[in-house]
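Two complexes follow with chain A in common, the first pairing it with chain B and the second with chain C.
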Partner chain A sequence: MTSEEAPGPRDIAVVAFAQTDHRRSTAESSEVEMVMPVLHDVLAQTGLRTADIGFTCSGSSDYLAGRAFSFTLALDGVGAWPPISESHVEMDGAWALYEAWTKLLTGDADTALVYSYGKCSPGLVRDVLTRQLDPYYVAPLWPDAVALAALQAQALMDAGLTDERALAAVGARSRADATANPHAQLKGRIPQGDHVVRPLRTGDCPPIGDGAAAVILAAGERARRLCARPAWIRGVDHRIEAHALGVRDLTDSPSTRLAAERAGAFERPVDTAELHAPFSSQEVVLRRALRLDDSVCVNPSGGALAANPVMAAGLIRIGEAAARIHRGASDRALAHATSGPCLQQNLVAVLEGDPR
Partner chain B sequence: MSKEPVAVVGIGQTRHVAARRDVSIAGLVREAAHRALHDAELTWSDIDAVVIGKAPDFFEGVMMPELYLADALGAVGKPMLRVHTAGSVGGSTALVAANLVAARVHGTVLTLAFEKQSESNAMWGLSLPIPFQQPLLAGAGGFFAPHVRAYMRRSGAPDSIGALVAYKDRRNALKNPYAHLHEHDITLEKVVASPMLWDPIRYSETCPSSDGACAMVLTDRAGAARAPRPPAWVLGGAMRSEPTLFAGKDFVSPQAGKDCAADVYRQAGVTDPRRDIDAAEIYVPFSWYEPMWLENLGFAAEGEGWKLTESGATALDGDLPVNMSGGVLSTNPIGASGMIRFAEAALQVRGQAGEHQVDGARRVLGHAYGGGSQFFSMWLVGSTPPDS
Partner chain C sequence: MPEVLSAPLVVEFPFTRSLGPVQSAFLTGLRERVVLGVRTTDGRTLVPPVEYDPVTAEEIRDLVEVAPTGTVTTWAWNHAPRRGQPLTTPFAWVLVRLDGADTALLHALDAPGPDAVRTGMRVRVRWAAERTGAITDIACFEPYEGEAVAPGGHSGAFADPLTGIVAPARLDYTYSPGRAQSAYIHALSERRTVGERCPSCRKVYVPPRGACPTCGVATAEQVEVGPRGTVTTFCIVNIKAAHTANLDIEVPYVYAHIALDGADLALHARIGGIPYDQVRMGLRVEPVWTEGARYPDHYRPTGEPDADYETYKELL
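And then the complex of A and B:
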């Protein structure tokens, strides 16, 4: 090693983002067919070909497809020939991006393709997600994702941190903002509806839908050549909490706060935050954990209440935040992804554009 | 751009058996993790992040089990990543963990892979039907047997080679207290006389189905300096993937495997693997994959791998010992099998492999593959750090 070598980590940016239109069902197409257009889109945005990509990483879950190794066929959409340097996380694509980011930090690659997808339509996603729970004590009771989120919402209300009107306003704002998002599944003025599981109403819950997203990362000068205004990743961190709901304070999200701190989110204010909050009540929790006040534009895309393709919705938050920086609508944005029941695991990324 | 050197300072695995009915999934993984920490003389609080891998979630019937396992692995309040790259996952998981250290994102990382196949039925876990796609043909053996046939035809190998591998690996397993199969009365004749399952693969040339977990503690240069026992240094590591099915695919010697090995050798400065590498733990779930992978990995010329096996070079006392631990043929908790290969390679260069230690093993290869010979992950570990 020579003393001339740069001591700090290298700069890495999101240089392209694409997503599908998110829809209630895509029964007519396979996962490969769903993923291919977004892969072609990000490659076209950068002018790169598959063979130019240094590292590829994807995120998905076998349980949505209802079969083992579902991701092995999605790889066909990448065109992995000649063979590629590639990996996969059984997680939301936001964590695939994290793996790709660390790979680029090592210097082994200068560009990375990250993609993820979720087809929720083949099964009953409320039932499917119960299989995430402790298999011996909890999963046999089949508590579904809405019921668990309702527990969290009720805890928030009991603590005096929100009420049904405030939650309804989160849903209404998200779907109003989504009218500007051509990919969103639910948009416009949608009635709050009846209770699904008290205190959550239809409007507090995400739509069930299919969709995919892709991002390209590039390091240093490479990023500047591929994108007029790269979204530099200033920090990214993720943390997990205990699984059992009984040992967690559901009104708080310490893992989000810690991840944000480690990602540098609190060093300077952000102007935009894309939060992966599938339930309106979870936005309340996240806003508090991330200390976001009304000066921050939260979920201008409509967020997960407008489109929630499971396993892609977190990566889409990073993509949406990056795209705002690309087009000059944001200078410093926070993106958040979550996994597990009631915000068990959380990732925070801080993105910045070059000064204008 | 410089990378932090990565050292393996702790290794732990469970005693592998057909069914660990005495522990939950959480109990199983904690046992391996605890042993790795004990080996490194570290505690849970010394670990900065956890990277966990296993093969399909349908094998246990738990979706994304890392969520449920966060408490058991001391991950609460820490980053936890879950890798899944089919059968190569144990190796890939270790490489993802190694990258966290190499990138200087974390100083000390716990990585673990497991499979508790007795919780469910692995064959049916692989056989969930999907319209318009080829079902796996009666388990993995049905998929791989035609490719073994193709190898035999291409190389002119005699029918006897597969049994030699199985006999060797099962005898090696007798020296490994953690191995699943301990067949004390095994003979070559018994292997040859065992029932034919998927011609040409016989019962005794097939991996078992195991419950088990394997864990490693990976750390940076500073962490290695504090390690109580000799570390194993990662000299090179790589992953490669190619599509499962396409017209140009060579199932006998996939290009992704060759490219992956070439990348590892380049990183480690290996120019002649046969000369520069002392031993190898290779993912051999069916006996014939030893000669096939010997060629794919560059230890033998194309068509010559079976001669290396037949010569005895790959025996424990040969000049290129392969699968000293007994290999996948003796122990196969699928998601953990790749990591066991990586960990056994590290044990060898640390001089900690006990009765199946190869004298003077200084550079050892760990290898894993998965899917339809589609995903590859490998690392080469050494007894001295990469810079010296």
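And then the complex of A and C:
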């Protein structure tokens, strides 16, 4: 060890989180009209104005909107005057948060506004998501998101890791927990329903809906001034698997495990895990990859099975985990976001509150 | 509040991709009823083949033919096929590990029902009658109880290999512009132009999008603007439009920013009714509607004196 050892990274926290009520359709609102209230909400929670924010980053997808550069119109809701420092990822907002976090780590900014949104209602999201697949060998077959998840579910069943009853229980628990979440789209007792693509039934699949979310990040003392109990980000990491589905072991998620390890998730137990598992079978995969036992409260918000605005659902996992720390319901939480078919890309964040 | 509008929106494009040597060999092979894999340096055979080893990232080119028969590694029963999928009758999605391969290929399996499908079942390729060099040259897989078919030992070299593919894509949407833009479009149908005033900076935006892009707050107060306005800046277009809707417009013509009276943001539109070289900043114009049009065809001079620069310099 020398005296020239680099100082540790800055402490950065989620200090505010807001989300819309997630609904099957929001035809009466344009994207900016849907996003603006959550932007105002997080700003109001912290007392910050747009001009106080050091960096703004958003996540969304033109393919959901069916229009090029659709995110530029949503930016109207931020109020970009005087000029702001801004970026966008064509990804779930969890990856926008990752970009903002690294920006704050460099010291270039002390605060960041991260938001994301998805309007699934204008298109057929099952078809839209086929366009993210390998364009040579896979996309020309138009395998939809439910079909690909169903292949993964069957692989899990063949491996003896779950069965239809266990999957139904995941959905039932999620929708029961969602009754305490005023923003959830699908809550309470929901029939398991018929097969959508066997072995997955309606109850194993996420609702299709529109929604938006926003968080504010702040560094160091700034975070303490903006939030009574900041949710400190102890680590974030994201990893990707080989893109060919037939190369992967669909019953496992090594990318999630590696991201969790690099984010420090395994250093100490977590009490809460917000997992972005749009399909019940994916919760089975993630629990195994993250070594979560029954002592961990998984998806108390109801998770993506209760509300899955595509491109925002991952950021919402981080926001829900942070909000639990803010209100003292959690001391150390794991948040996970996914993107792509069958858990192709995975991001893990570890959040902590100050000791009580 | 007027009804929120919606309309069909189709996004359709021929997705044109070039092929590297490995993908070219694989897709050309399908055209010739040959399934090729690629061998990694540690001896695994990847089907469908890729150019780089997914584990080591090493470049791989060693093509090897595999059998058209194989084993289902996982499956899912699709009772309601969707547009573009390989079969129009209910089928199973399958991952198939072809004999001789170490990885699995995604495709469809033609089977009478879910009870006829299981992991581990044997299947073979059903070739499409007409093949062009695409993954759809495999029409689907079908159950196969016979002997494994030995691969032919093809080298992967073809006389006329494919260099690219065109994968047509079409997505259908129901586009809804939201409350503010619906109101704008409704007003246009009455040949009126409405904007919205920002409650904070008091600027009137047209077309309104429901938010003030400067202040980031919702706008709601509707304000009728125009119909007359002032040219704030313009350009002379010398290239004839390729779009069929604009074929009748002779070049050169003028395209201009027009600040409608009462608006704080300029619209853009074509200027007509005046020689192109006489259009100038400050020119006062009014809209010209054609029968059945949903927006002004162009703007023409009103004959008023030009606007003073001071009155529109903020809108440039």
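In this text, the second predicted complex is superposed on the first by the 350 of 356 C-alpha atoms of A that agree within 3 Å, B and C clash if a C-alpha of one lies under 4 Å from a C-alpha of the other, contacts with A are read in each partner's own complex, and residues count from 1 in each chain.
Just so we're on the same page, contacts are C-beta pairs under 8 Å (C-beta built on N, C-alpha and C of every residue); 3 or more make two chains touch, one makes a residue touch a chain.
Worth saying up front: this structure is predicted, and the values here are computed from it rather than measured.
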Exercise. Using the superposition on chain A described above, determine whether A:Leu245 touches chain B (first), chain C (second), both, or neither.
Key: second
Self-check item: First, second, both or neither for A:Phe71, with chain B first and chain C second
Solution: first
Exercise. Figure out whether A:Val128 sits in contact with chain B (first) or chain C (second), or with both, or with neither.
Key: both
Quiz item: Between chain B (first) and chain C (second), which does A:Gln345 come into contact with in this model arrangement: first, second, both, or neither?
Solution: first
Exercise. Based on the superposed arrangement, let me know which partner A:Ala228 touches: chain B (first), chain C (second), both, or neither?
Key: neither
Quiz item: After superposition on the shared chain, which partner residues are touched by A:Ala44: those of chain B (first), chain C (second), both, or neither?
Solution: neither
Exercise. Using the touch definition from the top, say if A:Ala180 reaches chain B (first), chain C (second), both or neither.
Key: neither
Exercise. Mind working out whether A:Glu90 is in touch with chain B, chain C, both or neither, as first, second, both or neither?
Key: first
Quiz item: After lining up the shared chain so the two structures overlap, which partner does A:Thr106 touch, if you call chain B first and chain C second: first, second, both or neither?
Solution: first
Quiz item: Looking at chain A, which of its residues have contacts with both chain B and chain C?
Solution: 63, 66, 73, 75-76, 80-81, 128, 131, 135-136, 139, 242, 244
Self-check item: chain C-facing residues of chain A, complex
Solution: 27-33, 36, 39-40, 50, 63, 66, 73, 75-81, 121-124, 126-128, 130-131, 135-144, 147-148, 150-155, 158, 195, 197-200, 242, 244-247, 250
Quiz item: Can you list the chain B residues touching chain A in their complex?
Solution: 1-3, 24-25, 55-71, 75-86, 92, 95-96, 99-100, 102-105, 119, 125-126, 128-130, 133, 238-244, 246, 248, 254-256, 259-260, 263, 371-372, 374-375, 387
Exercise. Flag every residue of chain C that touches chain A in the complex, lowest number first.
Key: 4, 6, 9, 11, 15, 17, 19, 23, 27, 46-48, 50, 54-55, 73-79, 82-86, 93, 95, 97, 103-108, 114, 119, 134-136, 165, 167, 169, 171-181, 209-218
Quiz item: What residues of chain A sit close enough to touch chain B in their complex?
Solution: 1, 5-6, 9-10, 56, 61-63, 65-69, 71-73, 75-76, 80-91, 95, 98-99, 102-103, 105-108, 128-129, 131-136, 139, 237-244, 254-255, 258, 339-341, 344-345
